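Provided herewith is a single structure, encoded as structure tokens, for subsequent inquiry.
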């Protein structure tokens, strides 16, 4: 067996996303043995040393750092993986680019597209590999949808609609901000559901259906004040609890998007549907192994939505897992993304979505937030 | 508009089935204007004159009778429609045949196949039109399944499975027998779920998949004693609450059947699935407008069960109703059956299922009950 | 049996809606025997006498008229039922009101809300019974949703979303306008999907969730020119093929609406979902017997969306039909609406939706069309 | 962090099941950090040294063996994990027991229950920890079903039904036997679908619903001859392609079981449903994160099957994975089983299913095969 090339990973942040990435780095060599690169868990970095050490012990990181600048300064690190809150992506990524590291960055790219533009400029100037963790592109059913669209099976597209519905912040007693709840604090997160949830919908949409021209949006903050964990005081809530927008895609199709954390009954219901002249596709995250497909070219009387259980060896990524009918889950999206990243390194290609691609999503998010604030249509710059 | 030929109906029984038939007779001319015959509601017959009159007023019957022999003796009646309990089918049908009437008989044909054989003999001797109300063949989705099988879309058949699950007799305080509950009394009904529910599954199965060779069955009566409505006394329950059997079809496929009134959560869940070499079909009564279809000849990666909403004009019977996407319901099966019966009269053909066809189901039911009683395989005679 | 009071119906129009109404008038006495009024099919009116006569023969109308003014002038008519294209609702309704007739009018109420306001004024001045056929309120599952909301089961409402998706006009060769296709001609229909489909979504929404404050909309006409059936010439298409809007309800919840005839794979998929603090409800027209319900007060680990098969005797309207588990269909909504109308006459109450209630929907439709045209938020007047 | 106790694993077999086990051993420390034991991948054993080495490299085994007797003889091995074909379970397990090793054995336990009885005797005599990989008990939804039944939520049980449907051997050109296809060779596998698929259904059923008293079964081999991979000759097929049985459980409920590899359209559709007096449960492997639950104690009008997405932290095992709404997959069942095994070692308890428990399933499988052969009811010994 040919010796693999090691790729030394330095992870920043040990929260939820730190776990998903670490698991992916560890599993890739087991399930994608054909790859030439092998991730090595060189170091995890976090301010709290004890917690960082506990995380390192649990996941097998060789060392810990408490200052991300030191991590970036280390010669034995090839890749900086940013799994820290949104408000530090910008500074870390630029420093890592300047140090010549490859960079994997959690989504959304940054707090806003101004930050994002600087990040794109720096990584491109440095010429380093860069990728943003919009993981849902690598659900096999979603990847297959992309292939089907690219093959022209859907024909001219008329409609794209996508939701991301949750219900976990309905309780008025839930605090805002602080450690595990930084996503509820606009200072750390940049926005509420727009950057957290809708950004996923937009990333997939642009990937599947091309760019967006203009948007008309509406946001809402249902519960106006919550206790902030850091201060213990009741303060105005500054994030958006819900965001809705409609838009024109550049290809002439109409888009309809919604995300909320107030849709009682939905845990993490990311859905998408795309209607073309010849065929349509539907998918949702709660039943992620299934792709629904309607093909108008089927004979009329037996035409219907097909429920495709995407678990066969000739469906995207599935040849590396089990046998037909056996499900995979959420975490596999990250494994697939690492596998594709390693493959791209070997081929000397970019791995999508790059920072530049993620910037497109950031621009749309900014246009959406502006439109909601100004109560008018906004062009995507 | 050409004048239609009147077909004078005499209905016996005004219970649940009396309503379904009456509605069908009334609706056929509105929705199937192409038919040459038109049913006329000549008389309804029941022992209780006041109730019969109320029913006649509600449904537009011209007259009432309290003695079915008088009804049969009337010259102005063309068709005797038997919607009375199972234990009177035999006597009425034979008398009606001898009087030269066309006969429509509720299912099951009779209490057992001995009675059924006599009925077949008499209607065939008399040469009268005859039909049994196994209405579920006329669900458009089921009719379409039949057409698909006959076209050979499924190829060689391996498996047929069918359930009829209900839960309405779980309560131990429910009485047995009497007026509205005669289905719980073996004297009036002949058997429990076997004749009431499983007979439907068997009728459809034989229609779709051909004859059954041998059966191995099991029945159960979960609640052993119930108060009888007629006597007010607690008496042994003699019907089967549940019946399960497996079998060989003549075509070599395996059958698996179950019916019960103790399946908590299911109101009237009649299901069927048939697996062929090339394709499979599934259907259930709770979502009766849908047919599920799996076609192995679809391209591999986009193969999946199709959920076909059977509501288009080119699907069976649906051209006579509304527009695509608009549901029909349970009662329409009876309208379709009347329409087919009228069409058969005009063409001089039989209308399926005839008494002879229904006798096949009766034989299988008898074999099932014998097998359960004797705890051994039984051949279908 | 107490003699019923006859209610003499004069129907204008014999198209699709003429059939649904006629069937409803005929079935009500059979299935709702408790009602004191009984519709009598006095006359059908249409310009083409032969076709009107054929329709009268098929459905049992006693007479035909070719001039609706003569129909309105007849003393033996109690109710004028308007099932003609949208552009004649206004004139007929006002004349009927002046003649003191009760009026049943197909939806949408009129071409626009200016017409609608005049109609409301006249029926109220005349003091005649009036009702608009927004039939989907009478789907038992939808009616039950209304009762559940009114009982407070959902609590504070956060989101309302509703779609009406079809795909029947995708073909570029389909002509516009003329006889059976008047819905594709803005002259006859007023608008495209907005008045035809979205109006249903809005009517139900306002009924379930209260009034709408402001809207931001987008419409699209995908195929710009089609041959007009009347002229045989290719002309600009003036209807909207698709319409999307988001809005604020007066109760503070957010609304999201979409209708289109270009959603490949959907025949007539009317859907609605409402998310409250304590519970959520979902429903769609393709599986109209089911209501999905999520109740947050259920114990956490066994919480889930319930699929309720609305077919039990204690669920709205279902006690008048069959037994649990047996489906009803589209046409039953009209029977229910007639039953409610007859009941309201007996009680001396209005029957919802009245012209005034339907005007509210017309105002929202106008605001939606204005918003799309002007590319800005519009208040609902 | 307290140092974990190492548990040195020796795996025999590197096929499909070798992968599932290896992945589980590797993931447990990452996701179940609370456990005191930590598996160490000491050695993998297989006859082909190169392949064994490649597997070891891929999965991180420290060493390879080509003779399982040598593996068992090694002092540095604590656990023998048998993932080899069924016909070697018996000999290896007995040798491992005699060597005092803990034993994990793939299912079914052995070729027949005679072999199984000897294995039980030896592990119990040796007093070694032992467990059989009936992994589906550890689907969170299935584990939750078990807890719900044990809490009495279902009440008296009336019905248990379970299927395992596949379609991968329909093609007549598929060979039998040999390397990857040993499951199609009765010599290596003992039986066809009975031991491979139905054994899973039975294991879960007995766990959830208690012992089985007697069975009536039917088996079928649809394609009678296939080329054997080892000989290249067409030979009679000796496995069962399909197996159906009904039975009485000791608790008085009725059971209905079916497995086949000829159900076109189903990849690996393991389903189960259990109907109790008060509630019912349904589950299937294609949508493994969902449990369907019907609770009769719900208020009548809003009663319905709940679709529970089993992905919350307070549902079995899910607190160790992600956040609500995010799916896990097939492989997680093995992780859970290893976690439970490690926990049982720490507590000094057995880990279910033990060899003795798996023997119960073997007895039922034998009775099923006997019943099919003898065409009569058979008692489970």
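Think of it as A, B, C and D in the order they're written, each chain with its own count starting at 1.
Throughout what follows, a residue touches a chain if its C-beta (ideal position, glycine included) is under 8 Å from a C-beta of that chain, and two chains touch if they have at least 3 such contacts.
Computed from a prediction, not measured in an experiment: that's the story for all the values here.
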item: Contact distance in steps, from chain A to chain C; value: 1
item: Per Cα centroids, the chain farthest from chain B; value: A
item: B-D compared against C-D, more contacting pairs; value: B-D
item: Distance between chain centroids, defined by C-alpha means - chain A, chain D (Å); value: 35
item: Distance from the mean Cα position of chain D to that of chain B, given in whole angstrom; value: 42
item: Distance from chain D to chain C - Cα centre to Cα centre, in angstrom; value: 55
item: Touching two or more other chains - residues of chain B; value: 305, 309, 312
item: Contacting residues of chain A [partner chain D, same complex]; value: 1, 16, 20, 22-23, 26-27, 29-30, 33, 53-54, 57-60, 166, 168, 266-269, 285-290, 309, 311-312, 321-332
item: Chain C-touching residues of chain D, taken from the complex the two chains share; value: 144, 148, 291-293, 295, 298, 300-309, 312, 314-315
item: Of chain B, residues touching chain D in the complex; value: 158-159, 161, 167, 170, 216, 218, 220, 222, 242, 244-246, 248, 252, 254, 256, 258, 260, 262-265, 275-280, 294, 296, 305, 375-377
